[in-house]
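Below are structures written as structure tokens.
You will see two complexes here that share chain A, one where it goes with chain B and one where it goes with chain C.
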Partner chain A sequence: MRILRRVLLMVFIIWIAASINFLMPRLSDRNPVEEVIAASMGESGGTMEGFEEAVADFERRFGMDQPVWKQYLNSIYDALTFDLGMSISYFPDRVSTLVLQAAPWTLGIMLTTTLLAFVIGTPLGALTVWDRAPRWINVIVPIVMILAAIPFYLIGLILIYVFASRLNWLPTGKGYSSGMIPEWSWDFAGNVMTHALLPGLSILLASVGIWALSMRGMMVTVQGEDYMVFAKAKGLSGKRRFWRYGVRNAVAPQITALVLTLANVVTGAVLVERVFAYPGLGNLLYQAILVNDYYLIFGCVYMLVLTVGISLMFLDLVYPLIDPRIRADANG
Partner chain B sequence: MAETYNQDNQKIVQDWGTSARRWRTLAAYLRRNPSLIVGTVLLFILAMIAIGGQFFIDYSDAQPLSNRPSRPPSEQYPLGTDKFGRNLLAILVYGTYLTGKVGLIAGALGVIIGAILGFLAGFYRGWVDTVISLVTDVLLTIPPLLVLVVIATNISGKLDTNQMAIIISLLAWRQPTRQIRAQVLIMREAGYVKTARLGGTSRMGIVFKELMPNLIPYLMASFVLTVATAMLASVGLEALGLGPQNEPTLGMTIYWVMLEGAFSTGLWWWWATPLIALIILFVGLYLVSVGLDELANPRTRRRGI
Partner chain C sequence: MKSGRPKRGLAVNDLRVEFYTDDGIVKAVDGVDFTVDPGIRMGIVGESGSGKTTTALALMGMIEPPGKVVGGHAKLDELELLDLTEEQYRQHRLATVSYIPQGAMNSLNPVARIGTQILDGMTDHGHNLRGNEARDRVADLLTQVDLSPDVARMFPHELSGGMKQRACIAIAIALQPKLLIADEPTSALDVITQRRVMETLRKVQEEIGSSLILIGHDMGLMAQFVDEMMVMNNGRVVEQGKVRDIFARPSHSYTKLLIDSVPSLKRSERAQTGLNGNHAKAASEVPLLEFDAVGKTYSKGRTRIEALKPLTLRLDGDIPRVIAIVGQSGSGKTTMGSLALGFETASQGMVHFDGVDIGKMTNGASSKFRREVQAVFQDPYASYNPFYKVDHVLTVPLSKFKIARSRSEALGHMIQACESVGLDPAQTIHRYAHQMSGGQRQRLMVGRAIMLKPRLLVADEPVSMVDASLRSTILNNLAAMKAELGTSVLYITHDLATAYEIADFVLVLHKGQVVEAGRPETVIDDPQHPYTRLLVDSIPWPDPNRNWGTGGSIDEELKEVAAADLSAPTIIREQVAGFHLG
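Right after this comes the complex of A and B.
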């Protein structure tokens, strides 16, 4: 049932995205086709090769030869088949090609940092309300939580200044050094890693606190439960009570928190990529905004929205593995 | 003057006594809730700079070509000037003001819409609740900035800060709707509401006498969070270059800093000013919201901050 509901929500999201994509340009008083034709005529001083194809593609989308309902259905079909049209600024590349090229960069850095933040933040948050926690916890965690209030990209700016600009330890941006050729080698992998370090660190620093904060709230509730008292009365060790009784029971709602936070983390990552000129979707989106490449803008937005939606579906699949209570519900 | 012992005077003395005690209780409470104090102080300082500063610094100083460009901090320009000749002190004053304005307008609209929707969903249940909850749940999974990007790119011409606030409020109601709905669901089953219902209080009476007054702390906490989210969205949009082009917002300054590579050119004062202002702003809002959260849910006693 949960999964069915999530699939339905996913369909709903795609439908909304496709509808917005259909409606917005029509409501807007801007005409991308005319703007592009004017701009490229100005650049090339005449006709451009293969331009007819692009115009035809735009005409097909905006074409008034078809009734509105058919145009609408077409746009939904296009969204479902991931046919996102031509890019204006990277002509003649298609938007889907560009977006799929950029997606792995974003996914890689997002997955790693979100997982790390979760794994670090959850126990930290739980420890703040645990009476046997070491003293440094109550110094570190408040700082981490305050960092979570600051937008990712502002932390990124500070990190660039300190580690790249002043100390010169790490590169200021880009996915890999400009002289490098992307290939499967240790050299290249190391180069990618050093470039990902600062953007990753700015996302990590700012999101550990999110998990610590929500885990603290959950842990407070769990600590009042009878089974915690019982575990203590049984004489179980503090470590066992903390992990097996406390964290185990408090961590499940963290998954729900992840569902709510993911959208915000993606938003933050978009701007971090811009700060570091990281070759992912966020930077592609920014480049598209600069030249007002509408189809590419929508393509990036659509891909990011889909990413969040698919991750949520995946979370719903693993959720019962983490929380036995859900498993019992599903069977009973 | 000797006859100060009449009833009127006694009354005044008594009133003063109770309010003094009230202040003492408040002070004692605030000592236990330091994040509320620190947060309020931070926001107050920023508000003073943003509003008070306008009496000393001219708006035209925040415009390009108004001063000598790329000057380091000096007596004449306490915070320096940027590459385009904007006085950064003026940007600090007017940028903070504009960011605050956008956040407050969008936050207020978001909380009002959210409170109404959340209240309807939680109070009437049934299909109203189903529809509102479904739409809110779906929209919550969509990264807000991205939708705003799509909307903003489709609006031609010059956007001003008021229009931007309204665009942002289009999505700012999601979180408050959810929070208020959850709270109303809890409250409608609470003992005092049931008692009132048994006592024959009308439906409207329950809404305005029982539910509304108890919702106020939650509305306040929700408002601060919504303002913070709205400011986050507005600064994000501006940093992507989609904000108002002619108003010296903090986000737009960040946009120019990134575009012009202020790091490599060594104009550290250019990015330090908006950065510090934004950090104080977001940390202040965070601390106030933590403080209000503790005020609203005293059960989840917070430690540390």
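Right after this comes the complex of A and C.
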């Protein structure tokens, strides 16, 4: 029952998102079809002869000559069947192909770095307010907190300057070297890893401190709770008090924040992928917006909505496992 | 057992604890000496800030900076507690000295099952039980504190306050310590639950044969529970001895003050003042507050809980009355207050204030209602917004109800409000809530109510969280409101004794039903309903000779209450002018 409600809610969110996505680009007065055709005619050095017919022909192919309400219904239907149409700028590639090609790059790097930052930052933050924490915590945490104040694309630029341009240890960008053919081999995997290192590191350095900071705040609150005093009076070992009583209770809001961050990996990737010319969704979305490629924009944003919707649904379903008090409400 | 070593039990000598604050050194515990022999129950009494909890924490080795134990000895049998290293201390906590916390509401880890929380303490002291052995041990402990073994599988939020406190006791006795320290273990519980928990605590303490230190501010509870006691004030012991001797012949004035501040059956003149009323206005046609078959039902999923069964009453308002609504948590007493305040809508029936149905008020009528009906709540901490100065609770109604036209006029009202409850305006206005004590905060809330000169005041447990000596001050303020402003009061409480002191009429509420009603002296001196009898028997009288349960064991009394017919009509002992029930 509860799961059904969640799924219905998600369908509703997707519908709203699809509608907004249909509307927004059409509020702009630019005509992408004309722009692309004009550009290609200009490139081939030809005259503007037949321009009108070409535009009309393309508009018919994309269904843009139909009444707006029909375009709207089509777009909703297509969204539900995952048929996202053809890209205008990458014609005749299908949007779904482009999006599915780009998605693994983004998800791979963003999921890994976000989870790593969470796993490193959360205990670091918790340890800052723990009386038995090792000394090095007091050195490392201020550093990660200062890094957190610097935008990650700026860190990215610095990393490129130092490790790619100056030391020449790592590539400046792209997902893999241009000579390589994507395949399942150790060579290629290693190449992908070296390319992912700098963008990953820039996100990691920038976000560990944020996790540490918010965990620190929660941990301070939890430390003042009566059950922490009682845990000490029970003579529990420091380790158990820290993990089972302290962190276990402080981590719940962190998990919410983690899921919300994961939900936004696609948008979060735009800047970093631009800086590193990474072949992910963020870059694809950026390119699509530049040329007003409706269908491709919608494809990218649709992925975004899906990740948000799925993440939130996931959160609703796992939260009762984290906090038993929610369990009671759900059953009632 | 080694013989020839006569000194067993706890011996504390010249214990000193200091706190290093910005304002200098505070001597929280200043040279305290006492002994607790094996098997003895010792009470430490004092008000907040007296050093009683600090003494207990020092014995637990749990004084945190900026506090420090600066001197003294605490020997438990042959063990010098104050010389232990932190790790040695950790080993002895629970195993040798065990602590039953204040505020059991929040003392259990909310995300761990009760069974786990019993076992983890044992595990960390080298008793690593597994499987059936672990389950049996947990079941034994839970049974010992009169809980069902099924509780092991439950989470803290699934337990009532009394059950949580029992779970804490089960944890504390798991390793059969030599000394149990119980820090106000029942301060958040109603009198019946308090009596049951304390009886359980006494039973397990006698079974494991440990010494026990009970910390508290309630002289009544001490009289009922401990063998010996000491009274603390400002970090020093002002009096100590056998509990009977102290109650019979209190030698220190502070002890006398504490004993006198316990509400007792010495009914004060308070309740009588204003009875015949300078304020008796001409009998009006329209009653102040009227419940017309008002009931409240909550539904949660498929279960329906009848919080308040249909109740009809009329409070005329021309003669001001203090009506006490007495019952345990869950009896529906707070629901009744919320209905009168219009915070809850009745599931059936209608609530009228001054002739208007409060469910269907126009904006103008609603504003008048909000001004003429004021409330004072239980928790003097939670009633304030921590981001504002305390002035905020005074200035908002002043401007909202357009009482003061200028700043200076508003300030005048605020000063009056502070003075009416004996607070120094200069020390109160422009402070933040956290800079004031709980008692000061609660008095300011009462002062706020007085400032607005309401016709009706709903006071929901206004004194259950303040120190005993302040209790009577606040009750005096309420009585003064009735006498001087002609305000009628709905006084909601679990404590029959304070109701006895202040009320003109008492309604005893049990499971949403008024089971007995009448003048407090009639109801309390000669209770007719088994539930009222149980309530009266559970009052911790400040008199070692008047024991809990003179009417029999609590189990028998509970059985009687359970057997009572809930559909039976209210036992109405008498009526008073100005208030009509039924």
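What we mean here is this: the second predicted complex is superposed on the first by the 271 of 332 C-alpha atoms of A that agree within 3 Å, B and C clash if a C-alpha of one lies under 4 Å from a C-alpha of the other, contacts with A are read in each partner's own complex, and residues count from 1 in each chain.
Here is the rule we go by: a contact is a pair of C-beta atoms (placed from the backbone, for glycine too) under 8 Å apart; a residue touches a chain by one contact, two chains touch by 3 or more.
Just so you know, these numbers come straight off a predicted model, no measurement behind them.
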* Chain touching more of chain A, residue-wise (chain B, chain C) -> B
* Asked: Looking at the overlay, what does A:232 touch: chain B (first), chain C (second), both, or neither?
  -> second
* A:248 contacts which: chain B (first), chain C (second), both, neither? -> second
* Asked: Is A:291 contacted by the first partner chain B, the second partner chain C, both or neither?
  -> neither
* After superposition on the shared chain, which partner residues are touched by A:158: those of chain B (first), chain C (second), both, or neither? -> first
* Regarding the shared-chain residue A:145, is it in contact with chain B (first), chain C (second), both, or neither? -> first
* Of chain B, residues touching chain A in the complex -> 134, 137-138, 140-147, 149-151, 153-156, 228, 232, 235-236, 239-242, 254, 257-258, 263-264, 268, 271, 275, 278-279, 282-283, 285-287, 300-305
* Which of the residues in chain A come into contact with chain C in the complex? -> 225-227, 229-237, 240, 244-245, 248-249, 322-325, 328, 332
* Structure fact -> Seen from chain C, its contact residues with chain A in the complex are 60, 62, 89-95, 98-99, 101-103, 105-112, 120-121, 124-125, 155, 157-158, 168, 171, 300-301
* Asked: Which residues of chain A touch chain B in the complex?
  -> 9, 12-13, 16, 20-21, 24-25, 27-30, 128-129, 138, 141-142, 145-146, 148-151, 153-154, 157-158, 160-161, 164-165, 172, 216-217, 220-221, 259-260, 262-264, 266-267, 270-271, 274-275, 285-286, 289-290, 292, 294, 297-298, 300-301, 304-305, 308-309, 312
